[in-house]
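There's a structure below that I have some questions on.
Which chain is which? They are A, B, C and D, in the order written, and residues in each are numbered from 1.
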Amino acid sequence: MLFSYIKGIFKGVGTLFTGMGVTTSYFFRPWTKVTQKYPENRKELKMVEAFKGEVTMPHNANNEHSCTGCGICEINCPNGSIELVTMFLVNEDGKKKKAIDKHIYHLGMCSMCGLCVKTCPSNALAFGNEFEHAVFDRTKLTKVLNKEGSTLKKGVE
Amino acid sequence: MTNEELRKKISEIVPQAVIEEQQYLTVSVEPKYFMTLMPKLKSDSDLALDYMFNVSGVDYGDALGVSYFLTSTKYGHTILVKQKTSDRTKPELETVCHIWKTAEFHEREIFDLYGITFKNHPDMRRIFLEDDWNGHPLRKDYVDEVNMILR
Amino acid sequence: MPFDIYDFSSFTGWIDASLRAAMSPFWTIFTEFVLLGVAFLAFYAVVGLLLVYAERRVCAFMQCRVGPNRVGPWGLFQTVADLIKLLFKELIHIKKADKILFNLAPFIVIIASFFALAAIPFAKGLHAVDLNIGLFYVMAVSSVGVVGILLAGWSSNSKYSLIGAMRSGAQIISYELSVGLSLLVIVVLAGTLQLSEIVELQRDGWFLFKGHLPAVIAFIIFLIASTAEINRGPFDLAEAESELTAGFHTEYSGIKFAFFFLAEYMNMFIVASIAATVFLGGWMPLHIGSWDGFNHIMDYIPPFVWYAGKTAVIIYIIMLFKWTFPRLRIDQLLTLEWKYLLPINLFNILLMAFLVLMGWHF
Amino acid sequence: MSENQIVTPPKDIDLDYQDYVINMGPQHPSTHGVMRFLLTLKGETVDNVQPHCGYIHRGIEKMTERLTYPQIVHLTDRLDYLSAHINNEAVCLCVENALQIEVPERVKYIRTIIDELNRIASHQLWWAAFGMDMGALTTFFYGLRDREYILDIFEETTGGRLIQSYNTPGGLMNDLHKDFQTKVKKFIKDFRKVLPEYDRLLTGNVIFTERSKGIGYISKEDAISYGVTGPSGRGSGFACDVRKIAPYSAYDKVQFKEALYTEGDTFARYKVRMDEMWESMNIIEQLIDNIPQGDYAAKMKAVIKLPVGEYYQRVEAARGEFGVHIISDGNKNPYRLKLRSPNFSNLSAINAMAKGHKIADLVAISGSLDLVIPDLDR
């Protein structure tokens, strides 16, 4: 009875010391720190390639994109965060052809599910790595993805 | 137990039950036979359906129904029991929460979202929505012009 | 000006003498009181802020973090910035609170810790009052703080606060016993309650080593019980942020909250000081029996450095407790006191008395 | 609420002056989200716990009735965000089984590996938060520190850290990152060294064992009746691991032990989760070197329409049995989609568990159930 009482005390105190050993060992090993100092390390901070920051439309050097304005991304978006404003262009043969006027993207409504990027038949959309999206005005989250004066890439149907 | 044996056993308890084979053996019963069937399912030593792993409320359009998914932790067979009521204004069904305690919360959820009242339930209150919410959102005829945007 | 870092009595004596030469005895004492008050206020604020900073750094290092590092060099001014923020925050008045008691409570808590500070010898001759019942006085005034905590919980008219206050009432009153009895072990050995004399007696070895096993047991019990008495983790049941959100000070904001916060850290400092003074020799350098050369080298380190070092070690241990252990439950807390610490303590006093009677101590 | 309405108090709460009724939540440090417990106290002892949920009810079941099947998948991430990939998988498996599509072997392996990584990450966060509920504040940082490595692996492959949306009916969104296997192996090697440290810090600690042993007892029968599944159910001896009962993906190809304890208290639930982390690492090690080559998705039609009927899929999420019940009327949207969330059933047992214990024990019990409120509220 008394023996088990004393044994219990020593055992308990022993477990407490093991616990304190863990924290103390970290206290004296400052190189185990994992903190990243964010605004300072902005330059070295590289997001991985697959990171889903926002939906972008890559343009090449001639300011050409590959969006044909088919509207599949708009249909597939679960949140309605993509809106297409299309127009009809007349090409050399005199045929009318659908093309985008504005590819509107509401970042504030996007949940990064990736369906628009995946289902795009001409691979016109891609995920960008930008992650600093905080703005003071919500309307700034509505973006036009195609650049001013951009045209459709040759050979993309 | 195989599905045939289950089918036989259940028809013995409630001969009026409609039994189909789908993913699980589906037993549809009328509400008036429901309480003769359900206690047996757990207490019968051959059936021993002691674990209710899901309760779904369904709006069939003309009727409101509840589906109970039951499995036996001893034998591993699974059945699906369904009951329907065609009364959409004041639907009432029997509770099973004294047989499977998990049904207590699930039935409160169904009451909240479908408006089916469960008789003899100890605590029939809304669980997710506020007490003064109008209507039952998961019904197909539920309208909310402000928050539901239809495209 | 006779300034000696090894003996402050010449310095304080010089101030006293020069004041007495300049004015009447009444005004001398009055000026000395004011000077002392100002000095203690400044000391209180500085030590409080430093301890908050130290705690944040220590826990950060234990948790593989950096801790405060933005405001000032190594984040040193972070706590100052926090204090300024707290000063500017709105003092929220609770609708059905007992206004007088609600406003009084933080002052009681902070005054109790001020009282205790008066009797602590910081270095040779650096001593506000050298009472002949110093130890008794410290124990007596430090238990006034519980009144403040109880009042804070009661007068906030909040259920969480009330539970926190009741918990802390039960806790502090029971752990007071263990603190007192564990100090009594050393009083039996030293034969005096005067803190300056207790320090002097440790000239040839600290009581922790002089008193054999009973002193070591008393030291451990004192650490545990005093951690409980100042409401710090793992005994922070009165605050218990995962259970009672903030316990007794849930409803306090702004500077009143800062009072509670500062008082908690000052109580930690006082407890560490007492432990250092009673068990580890206070400002007395480490002396080992007849090793004269060693003792001589140790004497070159100024007394207040010894005192600060010993206090810092004990503060570190108390912090280590908080950041390692889970919190106890209220019934376990009382079980620990009444079924473990108290019987061991009583037995320990008997053992020490026996040792002293037989003359088996150094 | 209009003014003339009188709110009737719940029947089983006696508003007698002797009852000390106190709101724990909706904003409380240890309810892990917006959850409200209405406690009736007798002194410090809990007499009755009434959970009030619905603060994050988003109507996901209603929303799914207007979305197509691939679109539904991303919503299930938002249920139990700590086992997001497992929830995704449940919907995808249900759709695949309904269409009777055989997904490539590679997909099955990758899904299983990421499931188990997700489970480890979830249990790490649980360990961290559980320690903090108990008052040991350091555990929180150790748990989150180690979880970060898994999230980095996820991010590299799936593009998301917490919410991955990596599954799609028929397979995966994209192929594995080329460093995936080496990084996972490195993580397992490191984590095997870290787990004993968790034990040293918390499991053996006398204060922790005193506070968790014998607290929140629930018998096996009650656990089955309440539908308490997952680690919480297995702590009571209820062998409810869906990975064993109805194997899906590649779980039929791996050997693993189902962690079972019969004590039924908080400590048993704790031990089950600690053992599950070891078992998950074993499962990953069995699969990581044998991922077969091949496509990362089966060919699917552009518009997925399920045949008329009812489909149900059970999976083992980190907190218990997650189920998807789809009733299809042949359209591209489900007619009804019910999500069986493990937390909802686990929560229903909290009154039975916490009755007669102290407030501090209630915090420990709700911590050991590992509640995730968005999953509960749906």
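Rule of thumb we're sticking to: a residue touches a chain if its C-beta (ideal position, glycine included) is under 8 Å from a C-beta of that chain, and two chains touch if they have at least 3 such contacts.
Computed from a predicted structure; not experimentally measured.
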Legend entry - Given chain C and chain D, the chains that contact each of them: A
Inset, instruction - Write down the chain pair with more C-beta contact pairs when A-C is set against A-D. - result: A-D
Inset, instruction - Taking each chain's centre as the mean of its C-alpha atoms, give the chain farthest from chain C. - result: B
Inset, instruction - Starting from the mean Cα coordinates of chain A and chain C, work out the distance between those two points in Å. - result: 51
Legend entry - Distance between the centres, which are taken as Cα means, of chain B and chain A, whole angstrom: 42
Inset, instruction - Give, as an integer number of Å, the spacing between the C-alpha centres of chain C and chain B. - result: 64
Legend entry - Distance between the centres, which are taken as Cα means, of chain D and chain A, whole angstrom: 25
Legend entry - Sites on chain B at which at least two other chains make contact: 151
Inset, instruction - Send over the residues of chain D in touch with two or more other chains. - result: 138, 145, 201-202, 205, 207
Inset, instruction - Scan chain C for residues touching two or more other chains and write them down. - result: 62-65, 323-325
Inset, instruction - Spell out all pairs of chains that touch, sorted by label. - result: A-C, A-D, B-D, C-D
Legend entry - chain A partner contacts - residues on chain C that touch it in the complex: 58, 61-66, 69, 320-321, 323-325, 340
Inset, instruction - Write out the stretch or stretches of chain A touching chain D in their complex. - result: 11-13, 15-16, 18-19, 21-23, 34, 48-52, 76, 78, 111-115, 118-119, 127
Legend entry - Residues on chain C engaged by chain D in the complex (per definition of touch): 59, 62-65, 159-160, 163, 167, 233-234, 236-237, 240-245, 322-332
Inset, instruction - State the interface residues of chain B toward chain D in the complex, per the touch definition above. - result: 22-24, 26, 50-54, 56-59, 67, 69, 73, 76, 80, 100-102, 104-106, 109, 113, 122-123, 125-132, 137-138, 150-151
Legend entry - For the chain D and chain C complex, residues of the former touching the latter: 20, 22, 28-30, 44, 131-138, 140-142, 145, 201-202, 205, 207-208, 210-211, 358-361, 363
